[in-house]
Amino acid sequence: MALTKETLLEMYFRMNEARFFEEKVAWFFARGMVHGTTHLSIGQEASGVASCMALKKCDLVSATHRGHSQVIGFGLDLNRITAELLGKETGYCKGKGGSMHIADIDSGNLGANGIVGGGYAISVGAALSQQYLKTGRVVLCFAGDGSTNEGSFHESLNLASIWKLPVIFYIENNLYGMSTSIDKHMNIKDIADRAKSYGIPGIVIDGNDAIEVYETIEKAAEHTRSGKGPILIESKTYRWSGHSKSDAQAYRTKEEVEEWKAKDPIKRLRKYMIENEIASEEELNKVEENAATALEEAVEFAINSPEPKVETVTDDVYA
Amino acid sequence: MEMKEMTYKDAIRLGMSEEMRRDKNVIFFGEDIGLYGGAFGLSVGMLDEFGEDRVKDTPISEAVIAGAAAGAAATGLRPICEMMFMDFVTIAMDNLANQAAKMRYMFGGKAKVPMVMRLPAGSGTGAAAQHTQSLEAWLCHVPGLKVVTPSTPAQAKGLIKAAIRDDNPVCFIEHKLLYKEKGDVPIDEDYIVPLGVSDIKKEGTDVTIISYGTILQKVMIAAQDVEKEGISVEVVDPITLYPMDIETIIKSVKKTGRAIVVHEAAKTGGLGGEIAASITESEAFDYLDAPVLRLAGLDVPIPYNRNLEAAVVPGVDEIKNAIYKVMNR
Amino acid sequence: MEMKEMTYKDAIRLGMSEEMRRDKNVIFFGEDIGLYGGAFGLSVGMLDEFGEDRVKDTPISEAVIAGAAAGAAATGLRPICEMMFMDFVTIAMDNLANQAAKMRYMFGGKAKVPMVMRLPAGSGTGAAAQHTQSLEAWLCHVPGLKVVTPSTPAQAKGLIKAAIRDDNPVCFIEHKLLYKEKGDVPIDEDYIVPLGVSDIKKEGTDVTIISYGTILQKVMIAAQDVEKEGISVEVVDPITLYPMDIETIIKSVKKTGRAIVVHEAAKTGGLGGEIAASITESEAFDYLDAPVLRLAGLDVPIPYNRNLEAAVVPGVDEIKNAIYKVMNR
Amino acid sequence: MALTKETLLEMYFRMNEARFFEEKVAWFFARGMVHGTTHLSIGQEASGVASCMALKKCDLVSATHRGHSQVIGFGLDLNRITAELLGKETGYCKGKGGSMHIADIDSGNLGANGIVGGGYAISVGAALSQQYLKTGRVVLCFAGDGSTNEGSFHESLNLASIWKLPVIFYIENNLYGMSTSIDKHMNIKDIADRAKSYGIPGIVIDGNDAIEVYETIEKAAEHTRSGKGPILIESKTYRWSGHSKSDAQAYRTKEEVEEWKAKDPIKRLRKYMIENEIASEEELNKVEENAATALEEAVEFAINSPEPKVETVTDDVYA
């Protein structure tokens, strides 16, 4: 299916939403207005958004600690995401989850995860449900390069392969697991090569190219939806910010960061649409404005939302 | 109630099978549970009845077994998964404690994780330190999990059914030494042993013993022995270890004025402390004629040699001595 | 003793560094501990001083971190390894509990496993359910492990040194909220806080409070507050949680006749039960004027929202109320 | 280094010792004379013995639950092995370990392990010690095919690779993990291919050929000893007996078992020595007799050894 203009504009919208959202998050943190920590995905918007958008409406997604672009890409409501970040009652988790646990199981969002690699096994289980219940849905499991050294990666890909489960393991390789560069945490060039250990396809893509991301995931979803089993995709990308709120970034050079900033996935998508005459500068400016407005509204919504009542602390431990 | 005599092991299988017949969303997976019928032969025949879609052998991968159960449970199935030995839950603790147990709360009450993890536990089989542990105390320290353990075949059937029907992650601890124990089991398919209700296994007036699992049998023998000497023992089996029905226990202790907790797990950090402290800090304190005693496994890894292994766990004589001790005060 | 003021965090680094200078077989590994200096900046500078052979970044692989520490310890090194957050020990429990802890015993006393696992624990940082747990009770239920936790900078330095010198696997629990707390620390390189010795942090005559870690500070505030009202509180910090110096605690309770255990970890299955039960079943029972109380974290996963998070852990007022409660009887 | 006659005869001796030992173990179990369970390696003697013999004297070995051939191959004392099996005070673990935990750290034997895959991380740690202390020793880590699906396999091979540790991961692929055949527990033909995930060499060998086993391990030890990092070897073999003492073996055919019995590694080594005129029938018969005698003596030693005193139950928890 060729990418429609509508889809592309929506993608552009969500990528901008994600960017604006995270810039705002950074702003909140810099002012000590938010409790806890956060992991920004600025620079990874194509990887997080375009991948989710390539799914069908009812497909499932499991996100990571660096999950804002992912959940915004999935289409969760920016108001409730922002409210959750601020720990408000109206947030997706009623303030109990925060940045690292934004989730909406009802719509198929299995949640961001504070455990590196925590989403692998959950995704395998969710894919088992889809297979068993014959829903025709697939699971997109986000993970980072560093997480592929966890035992859970290995166990999960192996089991998914044997059971031919409808799950896409989608690795956002942003070159670092926290401060540890990929050449220090593994002895191979492409993580996609690890697919061979499980007899499944492994694909490397440019994670900063929204079009390539979209088309690859679309095909992968087809593949796994048709019963051919899981697939491993490595999306090469880069995070512009530090690992989390406090990171001196001694492990990388300013030049490297600048180099990647030049590969801005949002600008790139914009350029693509203009060069291919899909949309005009004005149209795109308008989309950006809309995204900015959406963010403003979300912030307003969140700030004006009530704090959860302290008595709710003991609610919802058990069903 | 119509009854049939069967073993603890068969009762668990029966309970699982009935629930799988009743609800097609109940599936079962683990290592060698299919054709092999499980390391203890517990699930023999289930593959034949339910087929490969519902009785699924896994690779030796405990972490993903637990995590996949959580993921499947959160998305519409009611999986039963098995750790071949409870000791291997050490490999699955992240998925069990950080994912399955916390998902609902972390997500503001929106997830439901109706899974059962079966955990064969305990020593006495000569399997040495890595195949004999009783780790229920760990699990009871994880809000979001429920922890249950049957001590008779009837309980085993009714409790596994209740666990499967429960909408939360339930750790179902089985006692390997009880697998071959026989008892009458209700054949009624609606027979359920509800979670969170302690069972007064034997009434008495002088001392309350709280115990569960394999060692409960020794407690019963000791209780009968001292009865002949005029000491009347009330025995309470909590069945659900977390969240525990402590009220029934407290009521019993208020009546008897004395309490002993007996378990097989290592004493330090074991549930004995939890139960003893709960009794002592309750209104039963004012009725206590003696301190609450704990009788538990030694603080050692379980040794292989038969005599050493037996020495780790309290025997009937030690239980009787504990009874004498609280009575003599 | 010559002293220098420094933070808890710096004191741990100093203790590690001194031991690494003293004994070249001490090495240190974990995730992002080198150039990054650890998630909390605790080990900043250690890579520079000791080099890549001794300060080693690992991939994100908690299981092998723990297992490699055990293997290295059994073969001549004295590794310190780090779980970035205590919550991640869930991934390493097999290697910690089934391998490191049991090796010596299983092998008939022939192995020696002198390793230290550092475990930053506790809530109050807004990091939500998977980054805030206090799991010391699990570790104290594993015979073969030792479990220690310092509550002051001085203790932190002396205790990490003792842990490194100990010939057994020692779990060293650090309290994230204490990292920036300052205090006087002996600069003497032979200053050691021995394992297995409780510290009477404050003498008193009316009630004994047993507590450790971050919450001990609240206990001290509460103790000082009620002192003004004429209630004299003795505060005991066990420091070593397993095997615990319970004698010092029992002696204190015999003197005061009242005891309260306060910790941050979830109440059910927490160490409070263990300590309370140990007191009650000791000779201190006859001296008790009130039941031993436990004050602990709520049985919930830790929520993100600041107010909710704060509500999980007992505050100064609750501690004071507990004191009033035991005094009014 | 060519295999000397002396080495070959010693190998033949230990393989026979292992076979006789395990036949005796089966006999003990059939009579209920032993507590617990056991996992026999009959049929895997070349894999277990020849590999250990290819090591240098001070190299280290980590064994598995199916470890009798491995520890006998390593050169542990048959008397004390047998005594441990019977839970006696004179056993390697003073009766505390039993069949699944025979160990002798002093001589470099890091112990059999009751946890499938439990030896991987321990071996990585032991190899780290060798590297750090510059001992020039290497670690031979035994494991089974089924164990390579554990997360610990993945984490351990990756770490060993990054740190270039002197360790050989030696997988005895006997086609089954308990009842689960390899094609049901993984989706690839050769486990050795998993080496690619870690950028290390992966080699498949015929585990029933003692000569090939010996020569491969010798070369691998050289490789890893010289600082080139770890290596993964897959040794294809077969267990003749059931998984453990109670196993109806419904998961495999009698024919398959017979087929593999025809590939008896002991007979094969014997044939090799005779065909290559390395040793005569008489010499080899004599070696077999010596092995039988050694076993008889070991059994006698074990049976006559005292039980550990019950008071020792609390000894040796801590150093």
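Per-chain numbering from 1; labels A, B, C and D assigned in written order.
Rule of thumb we're sticking to: a residue touches a chain if its C-beta (ideal position, glycine included) is under 8 Å from a C-beta of that chain, and two chains touch if they have at least 3 such contacts.
None of these values were measured; they are calculated from a predicted model.
Asks: Can you list every chain that touches subunit B and also touches subunit C?
Replies: Shared contacts of subunit B and subunit C: A, D.
Asks: Using Cα averages as centroids, what's the distance between subunit A and subunit B in whole Å?
Replies: Chain centres of subunit A and subunit B, defined by C-alpha means, are spaced 40 Å apart.
Asks: As a quick test, compute the distance in whole Å between the mean CA positions of subunit A and subunit C.
Replies: 36
Asks: As a quick test, compute the distance in whole Å between the mean CA positions of subunit A and subunit D.
Replies: Chain centres of subunit A and subunit D, defined by C-alpha means, are spaced 45 Å apart.
Asks: Can you pull out the residues of subunit A that are in contact with at least two other chains?
Replies: Touching at least two other chains: 93, 95-97, 101, 113-115, 118, 149-152, 155, 158, 162, 184-186, 317.
Asks: Could you pull out the residues of subunit B that touch at least 2 other chains?
Replies: 59, 61, 63, 87-88, 91, 94, 98, 105-106, 128-130, 143-144, 298-301, 303
Asks: For this assembly, give the contact graph shape among line, ring, star, complete and other.
Replies: complete
Asks: What residues of subunit B sit close enough to touch subunit C in their complex?
Replies: Its residues touching subunit C are 63, 87-88, 90-91, 93-94, 96-98, 101-102, 105-106, 128-130, 135, 137-138, 140-144, 242-243, 265-266, 268-278, 280-282, 285, 290-294, 298-301, 303.
Asks: Given the complex with subunit C, which residues does subunit A contribute to the contact?
Replies: Subunit A reaches subunit C through residues 34-37, 87-88, 93, 95-98, 100-101, 113-118, 146-147, 149-152, 177-180, 184-186, 246-247, 250-251, 307-308, 310, 312-314, 317.
Asks: Spell out the residues on subunit A that touch subunit D in their complex, using ranges where they run on.
Replies: That would be residues 149-155, 158, 161-162, 184-188, 193-194, 196-200, 229 of subunit A.
Asks: Which subunit B residues qualify as touching subunit D in the complex?
Replies: The touching residues are 31-32, 34-36, 39, 41, 57, 59-63, 87-88, 91, 125-131, 298-301, 303-309, 311-312.
Asks: Spell out the part of subunit C that touches subunit D in their complex, as residue ranges.
Replies: The contact residues of subunit C facing subunit D are 25, 27, 53, 56, 58-59, 61, 63-64, 66-77, 79, 94-95, 98-99, 103-114, 143-144, 146, 167-168.
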